[in-house]
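Heads up, the next two complexes both have chain A, just with different partners, chain B and then chain C.
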Partner chain A sequence: MLVQQVVNGLTIGAIYAVVALGLTLVYGVLRILHVAHAGIYALGGYLGVATYARTHSLVLAFATATAGSGAAGWLVQRWIYLPLLSQPRIVPLIASIGLYIALEDLFRLVAGPYSLAFSARLPVGPLTMGSVTFTPAQLLVAAVGAPLLAVAWWVLTRTKVGLAWRALADDPPMAAATGVDVGRAVGLNVLLGSALAGAAGVLVGVFFNAVEPTMGSVPAYKGLAIIVLGGLGSYAGAVAAALLLGVVEAVAIGTVGLLPRDALAFLALIAILLVRPQGLWGRR
Partner chain B sequence: MARRSVLLVLVCVGLAAAGARAQGEPIPIGLSAPLTGFGAPDGLSVRQAVELGVRQINAAGGVLGRQIRLVVYDDQAAPPQGVAVAQRLIERDRVVAAVGGSYSGATRGAAPIFQQNRVPFVVGYAVHPDITRAGPYVFRVGFLGPVEGAGAAEVARLYFNAQRVAMLTMDNDFGRALAQGFRDRAATTGLNIVGEVIYPLGEKDMAPHVTRVRAMNPDLIFVSGLFNEAALITRTARQLGVRAQILGEEGFDSPKYLELAGADAEGVVIVTNLNRDDPRAVVQTFLRDYRAAYKMEADMVGASSYDALRIIVDGLRRAGTTEAARLRDAIAATRNFNGVTGVLSFTPQRETIKPIQVQVVRNGQFRFFGVITDPEIITPP
Partner chain C sequence: MPAGLGLYHVTVAITAAIYVILAIGLNIIAGYAGQPSLGHAAFWGIGAYAQALLVTRGGLSFWEALPLSALTAGLVGALLGAISIRLREDFLAITTIGINFVVVSVFLYTPFFGGSLGIGGVLPPTLGGTALTKPAYLGLVALVVAGLAVLDIWLRRTWLGVGWTALREDEVTAETCGVDTRRFKIIAFVLGTALAGLAGGLYAHFIQFVEYRDFGFPASVAILSMVAVGGLGTLRGAVVGAVLLTVLPEAFRVVSDYRMLLYGATLVLVMRYQPSGLLGPGSWLGRALDRRLVHPPRRVEPRPHLPAPALAAGSDGRPVLEVRGVSKRFAGLWAVRDVSVEVRRGEIVGIVGPNGAGKTTLFNVICGLLPPDGGQVLLDGRPVHGLRPSEIARSGVGRTFQITRPLAGLSVLMNVVVALGHAHYPRPWRRLRRAADPAVLERAWAILERTGLADHAHVPARALPLGMQRRLEVARALALDPTVVLLDEPLGGLAAAEIEEMVALIRALRDEGRTLLVVEHNMPVAMRLCDRMVVMHYGEKIAEGPPAQVQADPRVQEAYLGRLGVR
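Then we have the complex of A and B:
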């Protein structure tokens, strides 16, 4: 049973990781706690479910969601974050919170208050290995989540733009002085992070068979807990913290029983920050 | 010829008199339902069913020679909203009675307000025992949670001869009340419960909970939840290879459950208070008219609230007045009322006694599976 719970937890953790990686990317270059990221993620869920309803193609659903969310994220940084960057950091944060609430209400007005069923027909059945069963939805999360994380990893560590992001995260004036096109680098960064969020929205929609206006509310704050836990701005830290949190949630709930799942993230956050203020993988 | 003219005049006078009375002020009746929030699909069913009832009653000439005017508010299934809606219905809209079309939380908040203001309040389907304890102005059409839970335990024994029963319980008023009834009845009949897993309200990822249940190796699982949780559990259980019989309750009884759970719902059995295959005309007419009006299937919450409205109107008719105390007495005297959810009578505690319906999902629809009529089970404590 423990192995099954770890599998259950890794699945949820992988979804957290895709969301949190986008969030930490944006934080790295803009130093903004991008709460509206959760709205971009819900947008991905809606675009995915709408596309799937018309085409019955999961590939197209993912394509629309990543493209639409990526574009929406880009617009947000261009029209809202950039003009506010010279303000104190609290200003873009409040703008981001306001934007998230506005997006949630927009989904409610456009698509109704109900959860929409995302009953995708998955091309695979459950896969059983010994006492462990991988459900079709879990296989989908693995099949989509792992490559997404791998691509993001490759962009970050093996491309010029990835290098530019890391330079910007370390020392923005120095990065600009060494010839990094800051506007372009930031734009691409938010584009990639938001596209990841869009894909995560579709994954969650299929996984829980539901897309709803409030689907972003838990990721909105849990994502922040994860990136702080991982060490603000640390990409590997965010992914590791997300997977760890998923497994801890599933194993704790699966063995102890009635535990407040969403409080666990913050209990862990408080406990770890008391011991390691820089987060699990952060640098002082 | 002369006699025919006199008759004609008499008929005209009679019609005019009836018309004049029917043109009197409409009678305001309130309805609270979760129109937005997580319960929105149930709220929609409730509103549609009660509005259908009002249209039917008004088309047939209304009651006491007056039309009915329905006043509907959204309580979001939240207790504070339930209180606010009750106050608004009483103070602003001056309703003569109200239908409780919401869940236990909001309804528990509203019931004492109606009681204090002495406005009859007939609750459709909320299961919590405290609701009717608010006082003599509060009635319930649906089952008490413990009664329904006991009915489910009887289904497990009688129809499935279950040897190893696991419980997967939602952690709120509804789930806890059902679980209590289920456990108590199981203890009486010797039904073997191998374990219970309690999951928090609003849970989305059911895999950890279902994995725990799977490890108990049950042959039947009694699941409580509303349509959302019910569908997630059904799908997760089947995907994780759990073949045990799933036994649900009235929270499953929604077209939304069938939509969300899809093919995985086939063979799931539930206890509820609406039997789609009941031959009585009142049931078949309701199901047909609802389908014609809304292009969707009626469900338990709609049928229960529809009955609550018709019990109020029947009370008005027998009381001959909208005066609160006499209306309350007339509703309390309801006997063998021919309702969609059964032939209903109120006990002195203002609860109903009616058979518990057992339905099965077959070809994507709820169909008749059985019925529990044992008075020891269905009589409210």
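Then we have the complex of A and C:
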């Protein structure tokens, strides 16, 4: 029972992780609390479900979602974030919130207020190992989520552009002085982060068999809670915090029943920050 | 009420007025004091629930309960203020979101607060036995708004308001100007959240039914958007933003299906093209208004009989500043190790050494920005280590920064005025005195004359070239009327002529009895300027004495030039 809850929690946590990793990437180079990331994520869900309805191909659904979300994210940073970097931090934050509100309403206007079913036919059946059962959707999350995180990890740690991102996160003027093409690095960063969000949108759509206008409203702030918990700017911290939160939520709800789930996450966040103001894995 | 104003208009007007109160409160926290708050609606809710409970169960009248509701919200706000001291900017922003969620869940999941049913039966207030009608209530709320506007304008001009602005512009600089930023943050949170509580109390009697839904995170976002769209940090912005964003969605009802899309797009477009808000200080409208309405204080010619500094000139041999065995370690690396320095009144002591020798760290320990890991700092024989930087600044230690830290958005004149408030900041009632009164302005102008900045008094500090920024650093330190001045590379990056001016200024300060500690890289100038030099290398003091003696010291030559010859 507990093991099953942990597995369920890890599945949700893996989706959180894909969303949160994109959010941390953007935070790292732009220092912006990118609330509209949740809108980009919902966009991925819609692109995915629309593509799947026409082609019945999950591969194509993921492809259009990642491409579309990545492009949308790139446009957002070019048009809104870059010109606002010298402003007080609250300015891009409000712009981001406004963008999220507008996107959510746009989805409602275009696709209707109700949730669209995303009943993808998966090539595998449920897998039972001892007392634990993996649903096909869970297997899909594992099969897509893990490689996505691995690719992101590889880009971050093994490529030149990943190095540029880490340099930018550490000391932007110094990074620029050592020859980092800031515009290109930031663009690629948001592109990758948003593509991850798009893929997460499809995963969530398939996992819950639903894509709806408000699907981003919980990730919008929970994503922020996760990256803060992980210690703003720490990539590993964000992934770890996402998995942890997924498991804690699943276990708590499995054992206690109905709970103020979101408040719980934030209560934990506040308690942890009071003890460790730099987050669980953050540096001071 | 004029005919033609239906109940609908009255309702919208009351709603707008309540949002204006909320926006004024948030503007104090986020605009004046510069602290991010994304959970303002929580305090609105706390006020509303407090009012509803006090009236329906406590049997208090509207008038008795209203101050208590504001007080309740303010007390919880003090808690948030205390948290804000520990957390860096973005961590604090997210924490305030968290507080909003937690508070709303408490309302929702606690039977005491009526759970999902909320608390009903909050009747309209009575005045002289008769219940107030909606239009009369609008009059009452409008009166409250007017009163708060007056309060806001007055606060802005007091030392409290000046301290907040300094805190917003640069926390570290504010501390070195004598502003105890912790206290000023807490006051801002208490005042801002108390106003939210007041708005909550008024809202409870207006809506007559208090429900958790109204006070969630989206409401906080709405309030913050009002302040940001109107113009963060200005009263007019808070008022206009609140009215605009209350009325706009009502106007959008005509195109009701696109309401939220238009609302979101408005936020994006205003932030993108008028980032300081429609009426903010840097916006088109704001600048046009400021040109007409704001007149910078006129230049005051200092009177010739301006009181001379009360310091005895010349060195009397008594140590003013004693650094005893101070150490500071960063992650296992000793930045400063067991350094002792004695500085006598009227001396210019140079702290020299190669890069990374620990000179700036030593300064940061002396002025309280870093707590020492060991050792003592004594000012006039009194230990000051462990005190807040602002306390050390107020007890007579002024400092400048190597990388200049002006209060960038303030004028040069106001930069100096901030530091002139050092006598007022620690005392609650003196904080409420008007800051820029004629006596203060006269002193500020005198300091600007002395540092050669008078012709640039109204320029925003961020627009100053480096040479003048260095002089502004000195001017701010002087405004503290310091006995000891710590100058961190005051000549760095200056042109030859500017160096001579600065050297003359430093000598003049010594001649009026001040004591100076100077970190300097430029050895020839340092040798010429200083009475005595302390040489640091890898965090330790390796030599001390008159410049010529220090220069001849083989250890010093080795530190600067490396060991010559082969090992």
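Before moving on, here are some points about what is shown:
Here is the rule we go by: the second predicted complex is superposed on the first by the 284 of 284 C-alpha atoms of A that agree within 3 Å, B and C clash if a C-alpha of one lies under 4 Å from a C-alpha of the other, contacts with A are read in each partner's own complex, and residues count from 1 in each chain.
The criterion applied here is as follows: a contact is a pair of C-beta atoms (placed from the backbone, for glycine too) under 8 Å apart; a residue touches a chain by one contact, two chains touch by 3 or more.
Fair warning: this is a prediction, and the values are worked out from it, not measured in the lab.
When the shared chain is aligned, no partner comes close enough to touch A:13: not chain B, not chain C. Look at A:92: by the touch rule set out above, it reaches chain C but stays clear of chain B.
Put simply, more of the residues of chain A are touched by C, taking chain B and chain C as the two choices.
In the superposed model, A:100 lies in contact with chain C only, and not with chain B. In the superposed model, A:109 lies in contact with chain C only, and not with chain B.
By the touch criterion defined above, A:198 reaches neither chain B nor chain C. Residues 260 of chain A are contacted both by chain B in one complex and by chain C in the other. Chain contact summary for the complex, chain C toward chain A: residues 30, 34, 36, 83, 86-91, 93-95, 97-99, 101-102, 104-105, 108-109, 217, 221, 224-225, 228-229, 232, 257-261, 263-268, 271-272, 275-276.
The part of chain A that touches chain B in the complex is made up of residues 1, 4-5, 8-9, 11-12, 112-115, 117, 119, 126, 128, 133, 135-138, 207-210, 249-251, 253-255, 257-258, 260-261. On the chain B side of its complex with chain A, the touching residues are 36-37, 40-41, 171, 197-200, 203-205, 207-209, 211-212, 214-215, 228, 231-232, 235-236, 239-241, 256, 259-260, 262. Partner chain C is touched in their complex by these residues of chain A: 31, 33, 79-80, 83-84, 87-95, 97-106, 109, 221, 224-225, 228, 232, 260, 262-263, 266-267, 269-270, 273-274, 277-279.
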